[in-house]
Structure formats: C-alpha cells, structure tokens
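Each chain carries a letter (A, B, C and D) given by its place in the written order, and its residues are counted from 1.
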Amino acid sequence: MEDNLFEGTESLVTPAYVRVARAARRSRTAQFRQLLTQRRLPRQGLDQHTIRLLLDELSGLDANQFLGQANVGEREGRLYSELVRVRHFGMAHGMGRAGDLAASQPKACGASLLVRLCTALLLDALHLAGFASCRHVALLPVATGMAITLCLLALRQQRPSADRVLWIRIDQKACLKCICAAGYLIEVLENKIVGDQVVTDVEALKRRLEESDPSRYAAVISTTSCFAPRAPDQVVSVAQQCQRYGVPHLVNHAYGVQSRRCNGLVCAASRLGRVDAVIFSFDKNFMVPVGGAGVAAATPILIDALQVLYPGRASVAPVVDLFITLLQLGREGFTALLNEREERFVQFKERLAPILEKHGERLLHTPENPISFAVSLRDTMVRFGVEPSAIGSMLYARRCSGPRAVLGTERRQVQGVVLAGYGAHIADYPTPYLNLAAAIGIQAHDITRFCRRLDHVLETVRRRQTSLVSAVAAH
Amino acid sequence: MEDNLFEGTESLVTPAYVRVARAARRSRTAQFRQLLTQRRLPRQGLDQHTIRLLLDELSGLDANQFLGQANVGEREGRLYSELVRVRHFGMAHGMGRAGDLAASQPKACGASLLVRLCTALLLDALHLAGFASCRHVALLPVATGMAITLCLLALRQQRPSADRVLWIRIDQKACLKCICAAGYLIEVLENKIVGDQVVTDVEALKRRLEESDPSRYAAVISTTSCFAPRAPDQVVSVAQQCQRYGVPHLVNHAYGVQSRRCNGLVCAASRLGRVDAVIFSFDKNFMVPVGGAGVAAATPILIDALQVLYPGRASVAPVVDLFITLLQLGREGFTALLNEREERFVQFKERLAPILEKHGERLLHTPENPISFAVSLRDTMVRFGVEPSAIGSMLYARRCSGPRAVLGTERRQVQGVVLAGYGAHIADYPTPYLNLAAAIGIQAHDITRFCRRLDHVLETVRRRQTSLVSAVAAH
Amino acid sequence: MEDNLFEGTESLVTPAYVRVARAARRSRTAQFRQLLTQRRLPRQGLDQHTIRLLLDELSGLDANQFLGQANVGEREGRLYSELVRVRHFGMAHGMGRAGDLAASQPKACGASLLVRLCTALLLDALHLAGFASCRHVALLPVATGMAITLCLLALRQQRPSADRVLWIRIDQKACLKCICAAGYLIEVLENKIVGDQVVTDVEALKRRLEESDPSRYAAVISTTSCFAPRAPDQVVSVAQQCQRYGVPHLVNHAYGVQSRRCNGLVCAASRLGRVDAVIFSFDKNFMVPVGGAGVAAATPILIDALQVLYPGRASVAPVVDLFITLLQLGREGFTALLNEREERFVQFKERLAPILEKHGERLLHTPENPISFAVSLRDTMVRFGVEPSAIGSMLYARRCSGPRAVLGTERRQVQGVVLAGYGAHIADYPTPYLNLAAAIGIQAHDITRFCRRLDHVLETVRRRQTSLVSAVAAH
Amino acid sequence: MEDNLFEGTESLVTPAYVRVARAARRSRTAQFRQLLTQRRLPRQGLDQHTIRLLLDELSGLDANQFLGQANVGEREGRLYSELVRVRHFGMAHGMGRAGDLAASQPKACGASLLVRLCTALLLDALHLAGFASCRHVALLPVATGMAITLCLLALRQQRPSADRVLWIRIDQKACLKCICAAGYLIEVLENKIVGDQVVTDVEALKRRLEESDPSRYAAVISTTSCFAPRAPDQVVSVAQQCQRYGVPHLVNHAYGVQSRRCNGLVCAASRLGRVDAVIFSFDKNFMVPVGGAGVAAATPILIDALQVLYPGRASVAPVVDLFITLLQLGREGFTALLNEREERFVQFKERLAPILEKHGERLLHTPENPISFAVSLRDTMVRFGVEPSAIGSMLYARRCSGPRAVLGTERRQVQGVVLAGYGAHIADYPTPYLNLAAAIGIQAHDITRFCRRLDHVLETVRRRQTSLVSAVAAH
C-alpha cells in the first residue's frame, strides 16, 4: 500500500495518531528500501511481522496473485489447497526458467526478486562468517550431494575427455554417490594418520597428479567439514596442486560455513590455489529444512555454467526458507549463533572429559576439527566386549540423535569402490570410537542430556558385563 | 493423543457431551486408520482441520520434534525461524537418505511415512485418471526437466556405451536442456504436418532405428502433452519401435496426467510396447507450487534405479504439498477437476470461435490435442502487418498469462541443435498462430476475460492499422 | 510499502516484468483506496491474500508493532506467545478507550481504523439485507444477551425511575437473564395462538401500557427471530404502541439479519413507530465465532449512549472476524448466502414433508417464520408413547445438532418468573414438536443427513414400541 | 489419533524408527495426560508444536468440526472464512451457555474443556505469583472495567437496597465508569499525602463507614496497581473495615498479578479481612491481547453469582490466548518473567536517576509502588515554563508509549463526580510529574531508548527556552 492511502484515514481516526503511525510506517518502508538497495543483512534481525509483510508484498508481484488475471496457459501457478497457498505465501511458480535457474520469470516477478535478494544476503552472510574471497554464489534447490553432482555435470561440458574424479576419501555414502550419479568413475586418494587425526596425504596427491594424465580427471573433491578424528582436508595444498596440474577443484564444504575456521580454509585456498566451487548446505549451516545448497566461488565461471545447465524450473521453497532465516537473524543474530556454537563446542568437550575418564575412555586429540570430535570406546570394547554399534543403538533408543559409532575394521564396497575400515575414513584406525558434533544451534540441554545419557549407558553395559562375568565365575 | 486420555475429562465437562465428542473423534481416527491401512484417496476430500491434525501427528514422529531429545550430530533438523517451522509443520529432515531417496530416515519417521503414503495416494490418483497400467511411481523433489535428466543419468548405468538421445522434436528449451545436462548428444527426429496438426513421423522413426546402431541411444523421448498444433506423440507406435529395437523409452508426460486421453495413451503404450518411465509434473497436474515431479512405470526397474542413484537427501516440501492437495481433493474432488477441465476446454473454443471469425481468423483443427489449441493470426499478419509477438506482448500487458505467439519462421540454435521454424515444432508451418490451453483448474472468468481482451486487442491493432492506411491513402 | 520502492528493483529483475507487476500492484492499492474512501462492501469478495495484506498493513499502524518503540507504560500490547501474535495479526490493544468504545486509541491507530471501516461495512451489509432504515450501528465485543443488558444499562441513565422491562414472551433463558443482569424486574406479556402459530398479543400489549404507568418500564423487548411455531413479533404494532406511550423499544433481532423478511419488519417498525435499538448477533448472521453483536438504530441516541457507557477497552477479535468475513463475502457473496438460505429453507421443508407423512406427523403451519419451522411429534407420543426429549437425545447422539424437542406442558421458574408451557412460548400449546432451522450457511448435506436420520429415528422408536406391544399382547 | 494406529506403519517405515517415534509420542501423550489430570502449569513451557496439537485435538471435540454432522439449528458454529477458522483453530461456539458462563456446551465439548483447564492453570499461576489464598477464579471475556461492572451487577442481587459504591479515589476514567455503568452512584474517598506518596486515608474510611449506613454501599472498591506517586491501597486495612461493617469489598488488581508484592497484599487482605473479589486483567499481567479479565476470590460466592448472572455466551478468544500463553510459559517461564520485571524495575530507576539529576529533576520517592514510579518535572515547568503535557507529546512523537504527564492542578468532572487535581489522585499534589512503569515483559531496549529520548527531550526544551530567553534579553 502507498503511504498516501492513509491521508484519507484522518477523517476516521484521530489525526495525531495517524501521524505517528505513518511515521512508524515510513521507518519500516525505509528498512525495506535499505534492503532493496543495499542488499545486505540488516544489522538486527527483522521481526516476523516485518518479514511476513515483505513476503506478502513480494508474492503480490507474482501473476497468480494478480487481480483480474486471465490464465490460459498450461502452467499458471494455480493452487488448489488454501493450506498449501498459505504455507508458500501464495508463491507458486518456483524459481528459474527453461533458460537459466537464475533468470527472472515473466509470471513471477516477486519470486524472482526474492531469489536475487536472497543471493545477495547469502553472500553477505558468507563474508560475515569469514569466507571473504567469495564473490559469486548460486542458490540451488537441491541438497549438497545433488549440488555436487550438478557441478560435475557442468564440468563435463568443460572437460569432455575426463572420465573420473579424484576423491580424497571421506566415508559418507552421499559423497561417493554424487560422483557416480554424474557418470564418473571414482578414484580414491587414501588419507594418513597423524596422532589421533586422519589427515590429507598431500604427498600422495602430488604423486598421483604427477603420474597420471590430469585431463582424465573431471575434478578433485576435497572436504572441509567432516567427522573427527578425520580433520578437514588441507584444502590450501590441494588447491595449489590443482592449480599446478590444471585440474578443477570442488570443495565439499557441507556444514563448514558455520565454522569461521573452515571458511578461513576455503578462503585461503581460493586465494592461493585453484578452487572452482565450494558447495555447502543451507540446512546444516542456516538451520532451515533440508532442501537447498549453495555453490560459491571467487569467479563466476562454474556458477554461471551451473545455472545455465539446470534444465527448467525448480522449487523456490528452500530459498524462501533461507531468505526468512537470514532476515530474522540479521548480522548480530548470525554472529551470535557462530559465537555460541564455538563456545558450546568447548563446553561439550569439557563436560565429557571427566565422564570419559571415569569409564576409562578419552577424547581423541583432533585439534584441527572445529565442529566434530570423537571419544574412544576402546576400553568398553576390549575389557567389556561391547561393540560401538551397541552403544550407538542404546543412545538412539534414549533419544540421542547424531552420535555415530565406528568400529574401524569394516570393509565395505560402496558404488563399486572397496573401502577398508569403512566409516573411519582410513584402514586400520587404531581405536573404535563414537563421533559427536557441536553444530550450529546446539543447545545447553543437548549437551547436558547427552552427557548424562552416555554416562548412564557406559555404566549400564559395564555393570551388565561385570555381573555376567561374576555369574560365569561363580559357576 | 490417545482416546483414553479423555476418560478423565468427564469430571470437567458434562459426560454426555464428552461421549458424543469421543465418538466423533473415533470417526476421525477411523478415517486416519483407513488412510494408513488402505492407502487410497479418500472418497471425499478431507477438510483442512483434519489434514492439519494428520500433518501435526506425522511431524510429531520426527526426532527434531521429540521431547527430551539430545541432538549431538551435524544435521539435526534444527530450525531457527518459527515462521519457517510453522510453514513446514516442523518437518526439517527432508526426504531420503544417502542410500536411497525412498528410504526411511532414522530421524524422520513421520516424514518417511508421509512420503510412503503420498506415493500410494499418487498411484491411486493416476489410476483414477486413467493411467491404469501404472504400478510404480517415484516422487522426485525436482521439476520435470531435472526429473528427465535424472532418468537419463540412471539409464547411463544400464547402457554405458550410449552417447545420444533420440528426441522427437518438441520446441521447449527445457526438453533439450535436460538431455544436455545429462551429458548426452541430441539427435532430432523431425515431425510432419497432417492437416493443421504437427504429428510424429513414425516412419522416419522406424527408419532411423533401423539404420543406426540402437545401442548408441540412451533413450527415445516422446511427449504426450504439448502445445497445439503439435499433437501428442503417437506413443504407442513409438513404444512398439522401442521394444523392437531394444531402446529405452521415456515419455515426457509433463502436464498429461490432467487429461484422461493422454493417460490412455501412455497406458496403451505401456501395454503394447516399451515404456521405461513416464515423467510428469506435480504442479501442472495437481495445482501445487513448482518443485516436484513423478516418474511412473509399469515395472520398478528404472524407478528403483532412480531412487538409488539420487545422491543424498532432498526437500520434502513438494511431496508435502502434493500430499495435502490429494487428501483435500479426494476421489470426488479430483474427478470433478478432470471433468471440469474437459468442459471448459470445449467452452473455451466455442466462446472464441465467433470472435475469431469476426476478425478473419480461425481455430486450427487439432482434434488430437486435448489440452491445448491454437488460433490463427494469419489475417492479422498478412492484411494488417502485425506480428504475432506484438499480439503476445499486448496480451501480457493486459494480464493475460499463458498465450504463446508463434511466427513459425524463426531459425534457432538451442543447446547446439539447429531448429528451423523454432516454436512451431516443425519447419515451415504454414500459418502464424497463438497458442492457448485449458489446463486443470481453469476458471470461467479466465475464459471470459481472455476472450474479451483478445477481441479488444485484435480490434485495436486492426483499427490502428486501418487508420494508418487511410492516413497514407489520404496523402 | 510504497510503490516507488520497486523502482530500484528493475536492476534485479527484467524491467518488463516489474512494470506489469507494479501495474497489478496498483490495482490492489486501488482496491484498498476504494475501501478506505467509499467504505462499502466490495462488489466481489476479496481473496485471502488481499485481506491478509490489508490486516498486516493495519496492524503495522499499532504502536506495539512499531520499529524502535520504547514501551514504558503498564499496558503496552506486549505479546508473549508468537502463536497468539500470529492469530491476532499482531493486534494487541483491543478496541475502545476508557472514554468511549468507539474512540480512537493512541496506541492502536490500525485497530481503530479497522473498527471504523468494519462499522461502515456492516452498515452496508445491513442495507443490502433490507434493513434500509439503519443509520447507526455499534459493534459490541459481547454476544446478543450481554448486548441487550448493555442497552438496558444505557437506558437506565435516561429513565432513572424505571424498574422493570415489559418482555414479550420468548422462551430462551438468555432473554430473561439479560434483563435480570441489568437489575430490572421482568414483566411478562403472554402470546396467543392463531392457527399453529404463536403470535404477539398486540391487544394485551395495548391494555398493559394503557393500564400501567409507562414510566415504570425501562423498555419493551420484542423479538424478530425465534423458534417456530412462535412467529416473529408484530414489531410494527409494538413500535407504534411504544411510540404512543413513550416507552423505549428494543428489538431482539438475534439471527434476523439473515432474513430479508425479518429486516423488512424492523425497517418498517423504525419508520412507523419507536425502535430505540435493534440488537443482532455477529456469529448467527455472519458465520463468525461467537463473541460479537451489533446494535443498530435509525438515530444515534442509544448507540452513542452505549459506547460512552462501556467502561474501558474490549477485545477487538470479534470485530476482526467480522471484518475479514465481510471483505471475503463482498456484496455478491453476501447476497448469494441470503438467497441460498431462502432456497434451502424451502427445500428442507419439501424434503421433510413426505417423511413426516409416512410417520403420521406433519409440518406445523407457520408461514410468518422465515428461518425456523417445526414438525409435530404428536403421533409419536400419543400412539407410541415416546417423549419428544427422547427423540431429541437420539438425534443428538446421531450427530444432529440444532433440533429442539418441545413437550409444551412443562412449568418452569426462570429468573424468578414462572412460565407455563416453558419452551413453547405459551401455555398449553396443543402438540409436542421438534423445532428446526435453515440458518445462513446451511448445506445440502445438512438437510440430506438430517432427513435420513430423523426418518431412521422415527422408524426405530415405532418399531421398538410395536414389538413391545406385540410382545405384551403375546403374553 | 490413537497410538495403535501406528502399528500398521511398520510395514511402511523401518520398524526400529517407528518404535522410537512411538515412544516419543507417548511422552507427549503423557504430557497431555498430566495436564488433563493434574491441571497445573507444566514445569517447563510447552513448545508451539505441542500446543497446536493440543488445540487441534480440543477443537476436534466441537460439533462444528465433527465428520458427518447435520446442522439444523440457528447457531451451528459455521465459519465462512477459512482465515477466521484458522485463527480460532476451528473453535466457533464461544464459551458458556444461557445458564452459566462456566457451563459446558453441548456443541462445544472441546472449548468447554479448554475453559476448565485454563481456569485451573490460571489458579496455579496466581498461586505461583504469591496469591496463595485464591481458591476460585472466573474467566471473563471482558476487560477489567467491564468485569468490575459485572461484579457490581452481581452484588446488586445480594444487596438490593444499596445505591452507591464507596470508591477510594484512583484517577482513571474506566474506574469511575465501571460504577456508573452498573447504575450506582459514586461516593469518593479522598487519599492523603505521606512524603511523596499518595496513600489510602484509612481513618477517613473508618469514619465514613461508621457515620453512614453501610447497607447503602454495594461495595467498597480499592486498588492495588496504580500509577505512582499513588501507592497501592492499604487493602488489608480496607478489608478489615469492610468485614467490620459488612460491606462487600472489590479489589481492582488490574495489573497487580505481575507483582508478588501486590499479590501478597490481596492475599493478606483475604485472610485478615473481607475481600469479595479481586479483579485483574489478562492482557496486563499475561501479555495477551486486550479482552479478558479474571475475578478471583477465596470463596466461590461472588464468582458463582457472576457466572450465573452473565446472560448468554461469550467469545472464548481471550481464554484461548491465555491458555496458549500459560502453557508456553510454564512455571519456569512465568517465574522468570516475574523476576525479570522486578530487576528491570530497579534498573530503570537506576538508569534514569543521573539523567534526571543532570536536568534538575528527581525520582519521586514511592517505595510502596512496585510497578510504577514517577519523575518530577518541577524544574522543567518552573524554570523553563514547559508544561508536562508538552513533554508528554514530545515523547509520544518520539515513539515512547506509556509515560503519563501529570500537572496535578486540573479540576475535572468525570461521570458526574468533581475531582480536584485530576490525574494526581489527590488535590494539590505539590509537583508536576511524569509517570512511568516497568511492567511485565519490559525489555532492556525499552529502558535504553526511553532514557536516551527523555534526556534528549529535556535537553531540547531547555535549550530552546534558554535561547528564547537570550533572544529576549538581547533585545
């Protein structure tokens, strides 16, 4: 609504009140104007009322919401259910066009505008979190795995003769599947152990690139965010090798945006070597539902190729979620979340240490992993004969979600690749363990409850085994 | 809540009232039970209250909604914004797992259940609409174009030596892009003209398959729903040839589900020939926002391959939209929509005919296309010198969305393929035209408004030209 | 938001799309402008999106939604729960001030505006429904009973010596209570029977006013909407007597607004006699939740007195509900509802007649009651010994809500008044009956289901009794 | 839904996941069961998802939400607008019946249950806040002023010969109007000054009751929550006098529930003297929208009378708001709010003190008022000639809401009563002042912003006056 609309209202309501209210209204308009012109995160997060107003304004620019519209095409954004309409604020046309995922839509001016604004806000958030070198970002309405697949499909057109991807081992199924889905062979680069940590074997990478024909590789994929005791890859070194041998480099930065340290890594790698794209999850970094991923880069080459490659339209829902959340966070809110996570990460380990000691276990020493850490389950297995998976099941049944129990001796074939010590990112990791994370949004009660329940579970299995042993001894 | 919970309430509220209310509650539970056990569309659509209850119940089964949960992983479905939470009913984990898009999720029992139920309801809706041969359907959280790309990626693993797709020409950019995105070459099979219609050149198809090595083709792609004067492909014949030559056959059934006639076609083709998968849009057929597509088939082979191929999780939002809409429609509601569309298709043409006649134009005779039709703009161009695109722009500015103006003489290169007469699906279509559709959900006022505005636009351009001519003559 | 805000967006989205979208936006603004300046029901109802936009705009004018507000008073419209905030669109200050229920609020410019607009829309709706003489209306956030009490309290200040109300008998408890609550004695004017109908005994009214001191009466209360076989009061005659004797006249028009005939009555009465106020329900006439009532009149005297009398603020929720509903209805929607109700009223009786005949019962002949009608239960009671209340209970248990079973021989003391034949509005009504209504919003399925169930219930009791009699006879 | 409903789902979703989800579901059911049986505030507040589930369950017990219902009455809870339905969770029948505001409704089992539960929760909250003597509470869907009117109307039936109310002066218009609306004369009991405070003149009260006929008084009305420098009334002494003279005693506890100190007062008064009812606001104490009030007492006499007096049904919306808010607060949340308010009250005064000193003003010393305080504006007026109202207006225009500027020399007639020094609760209060409050929910930024703006306003008026004086002097 226009401000002048309210001129007439002074005959209905005391003019002095209207004056103050209109002034307040102009403050809100000024807020919107700032957003539309500066396209940066607001300092303070917006309240829900303001965000709703903005969404309703934007969706009002979409043709399916126009008054007096005549719809005579085959895709007109008609919505049958009011429940569905409300949850999407009336936006029905998704994002993108046949030509380009980032293109404006003739029938969805509002949604198109939203996508542009969200792109700018996300870029600002990435800078705020320390990914300063980022200049371009694509918003993809698919999760991280599929986003990597799309990057690989886009690379195919640049490197038609490549048939494989050089994959620095990380034992998550989706990381292998996203390569196969794109139709590439997987070539594994194994890691090495240093102390408790599993780290990139940079020397092996060098040798591999030197010894083989680099043009066979569509890309090298490295990872910043991973389960301890694996450390983030040495992406700077990897980037340097990729630059040297002219091989594209994709960084799987899945939940790395939440860590300023991980962002620092990709930032340095972009500056000092070759990084074609950094792929990260919306849900894992910005606390939105699963469904979207960002692809960031210092240059627009792969970003543009990606958006042109994408065939047709896509759901705009993940972008709307991100847009709402970024506006609600603001610079201060996002910074607070980042800080809080770091503090809780430290607290979590401090709270666990004495409990572990009591049960003869310990925190593995993984100083380079800023999000995930692991606790040994050696004593539990060796002295009490309890497998890590049993501990995992007991925790799951006690409403602990997230811990991953790793034995480290399993051999598994995934997508045609045989991996020894599956789950541990390396063969022969010396100790079974339980993996934990202090991810963005973790609450104090998550830590408290988990510590109490882990203590109880370890207590229980030990007592049970001990009594079993006593029982056997008694015979 | 359990029914027995209300036993205690009889001390708070008159017992007779509680009794009747509990009986009514049991009717609703019976409705849910029927849904969970029979997994078919309810006869009558459910009201919004009931649907909300069901969604809240389901989302309550997801771990991020549990009471007393301890979240210590890296992806815990945390939602920052309450606005986002509400619009997703608290569901945050998306759908699928690393292993399989159709797999149950340990942290999202409710969403997993919803996906299963929705799959069953969709299958029922397809049967109701005449796609009786369908036995399996995958729900993909991507739109039609990307869904075809995924099908092609899944086919690559079955036919590693294939490098191209045989594409029966349909002039929509996304249809070409979805092939390129998957990394295949496009081989065009041109159409032919019969009367006003553009139809499949079955003979040419036969020749092509006979003359070339069928193993080079990853698939033949045919289309059932298209803009008139193109007719739906003769998918039965295509399917028979595919069977004969052992080539996979994908049917682009984008908005064909809304037409019982189009469904009849794919159904017959599945019975009489080879159809590997039928890809259709959620938004175009079920009036939900852009974002989801279904892949249906009589056998599970490609369906399963697709779901296993998909790397990682995906947004569940498009499935939730479909679920809500199917429940709200019920069998009666969906049937009513299908009937209504057919009636409006006839009405639309009847209403336009006299207007066209008045302006010296006519409906093109396209009896095989049950959704789209076209009106000539020959006189407008030849006598008055007005290009179709000018008519299109004037209609767009008058809030008519959907009409596509086609000149038919344009030559364009799309994704490396040169297409003569781009937009008309064939070179040298004899007349310029305007394309229109009566798609599902079309309202009487869409027709009324459009007819009035087209009449007005044609009137305007003619008068303008006539006065110009008079002006010239006067000199 | 201001329209010029979108000027900058043309650098983000294709300018042609922005142009059309801004034009569409201006249409919506024009709609709002018309509403704010003309203050009449829109011809066609507004869609939910538009209504939400308007509500959000209005609530944005309330101080508790201002950006940068400093709240240092004792009542600042703070809302703890986001769930509560959302359902009230952020409006927290209610309506009215200490001084006047209709006064603008300094902290709630938006809500104040909403109340004014709603008053104007309601007036328009009343005119549309045939209450043409209405010039003033107060929106009260209390239901009909309490609204009548408030009218009586307002009358007290005009007539300090009055101690009683002359009440034309209508057997609904709230109608008696609203008089007592105001601290008045009830003086009953009994009705008389004409044919099947219970009608106003106008002669008795004349005598009563003639014989007693009119200044003792705070008011005469008549009723237009009532349960058949009672007919609406002869309000014109009553109004004429009130005028003659100088006694205030309140018309209980509870659910009469939905009937153009009832509105015609109050309209004529206002023109031809004395009507101080016409009280009607929001929920019963406009399909909103219970909670609001309107007080209408041709002159502002009592209306103003009422608003000044009301001590303090009140919930604005019932007004918001009415506002939303009136906007959503529009003139066409409201007219359609009124027409539909009249048609269903006729259908309902037509559908019941043969069923009743089958069971030896009949429709009572009550031609003056346009909303309610009654069916005899004489045969059921006399021949089969089944009391009306048993029929009522059986229907209630079968999810029929609304039917009232009346025996007509009960004697009850209500609020100190003894009423013979309680429930029938008169002593000695000759037949027991069941009372039904075709009220606004009644659906075809309500009629179908009810007819089926009544048939079944009558069948059941007869069969049961017959078999009992046979059993007795067999002995 | 019943838990056993999910048994069948194990064929759809991995049984282990269903097991854990069902266990979590049972925890939620247990939470509901506890609520329904113990009827106390939960320790921790419930999340919005749980509250929505509960509301949807309850509203599902109302007849207008039943499946297969046949509605043939005149009030069937039909809702036209889906927007309205959603905001009321489908509850349409309001609360109460003709017979009793607290009675169960045959068509609204769910809403009836909600009202009962809310009553119990409110009682628990009152106890928690220190009003330990409270045993009965009525939930009224009207604000405080009207609630007092209703109490007086209920008292009329107990004391038919009373014609006046003894009102301990408190200068708020609604406090006078609520007496007049009930039809009583107002007899003023003036206050006295002690130090900076305006306090109850208990001696004068004694004399008045002794000298006049107590049966003439319907009630004495005292007040606990008021604007400083008025102190809360000495309700214990008032209660003792009321007991001694047999006069009913109503305590206007409008926003007193938020202060444990004020609650302590009414609690002691109930124990040591006569308190018939304590009336308090929902919105001012529990951060819900304006619209509801509670009437609490140690005995049920007046409470019951009130509920029986109320004629007809009423909106249930204010009770729903309270219900949601109490559940969301829980014991911990409510206690935290109470504590926070107390802390902010202290902080606010500490923050203001130096600013006032700078401008030659001071905090008035009002140690007995725990919510409100006042700052002098004497210097501002005397030395700079600026009236308090000018300061008030400047603050209002700067988005400070709540401050009340009092001159103290105004003489006003309100509802027929002449009050000298209107606004100051007493004639001849020695200093003009500005009144402020730290009410429940006050935020740190309210204090910060207000202090800054007051400083700025005082600065501005002084500078302006000084320059004016200089200008004059210069001439």
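To be clear about the criterion, a contact is a pair of C-beta atoms (placed from the backbone, for glycine too) under 8 Å apart; a residue touches a chain by one contact, two chains touch by 3 or more.
All figures in this text were calculated on a predicted structure; none of them were measured in a lab.
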Shared interface numbering between chain D and chain C [over half = same, under half = different]: same
Farthest chain (mean CA position) relative to chain A: C
Between chain A and chain D, centroid-to-centroid distance (C-alpha), Å: 47
Centroid distance [mean C-alpha coordinates] between chain D and chain C, Å: 30
Distance between chain centroids, defined by C-alpha means - chain B, chain D (Å): 55
Sequence positions of chain A contacting 2 or more other chains: 20, 24, 48, 52, 63, 66, 68-69, 82, 86, 106, 396, 399
Chain D contact footprint on chain B (complex, rising order): 1-3, 5-6, 8-9, 12-14, 16-18, 20-22, 24-25, 27-29, 31-33, 36-37, 48-50, 52-54, 56-57, 59-63, 65-69, 82, 85-86, 90, 104-106, 109-110, 112-113, 116-117
Touching residues (chain side chain B, partner chain C) in the complex: 20, 23-24, 82, 86, 396-397, 399
Complex interface listing, chain D residues touching chain C: 48, 51-52, 63, 66, 68-84, 86-88, 91-95, 98-99, 106-107, 141-146, 148-149, 153, 156-157, 172-174, 177-178, 180-183, 225, 227, 255, 281, 283-284, 286-292, 309-318, 321, 324-325, 328-329, 337, 348, 371-372, 396, 399-404, 436-443, 445-447, 449-450, 453
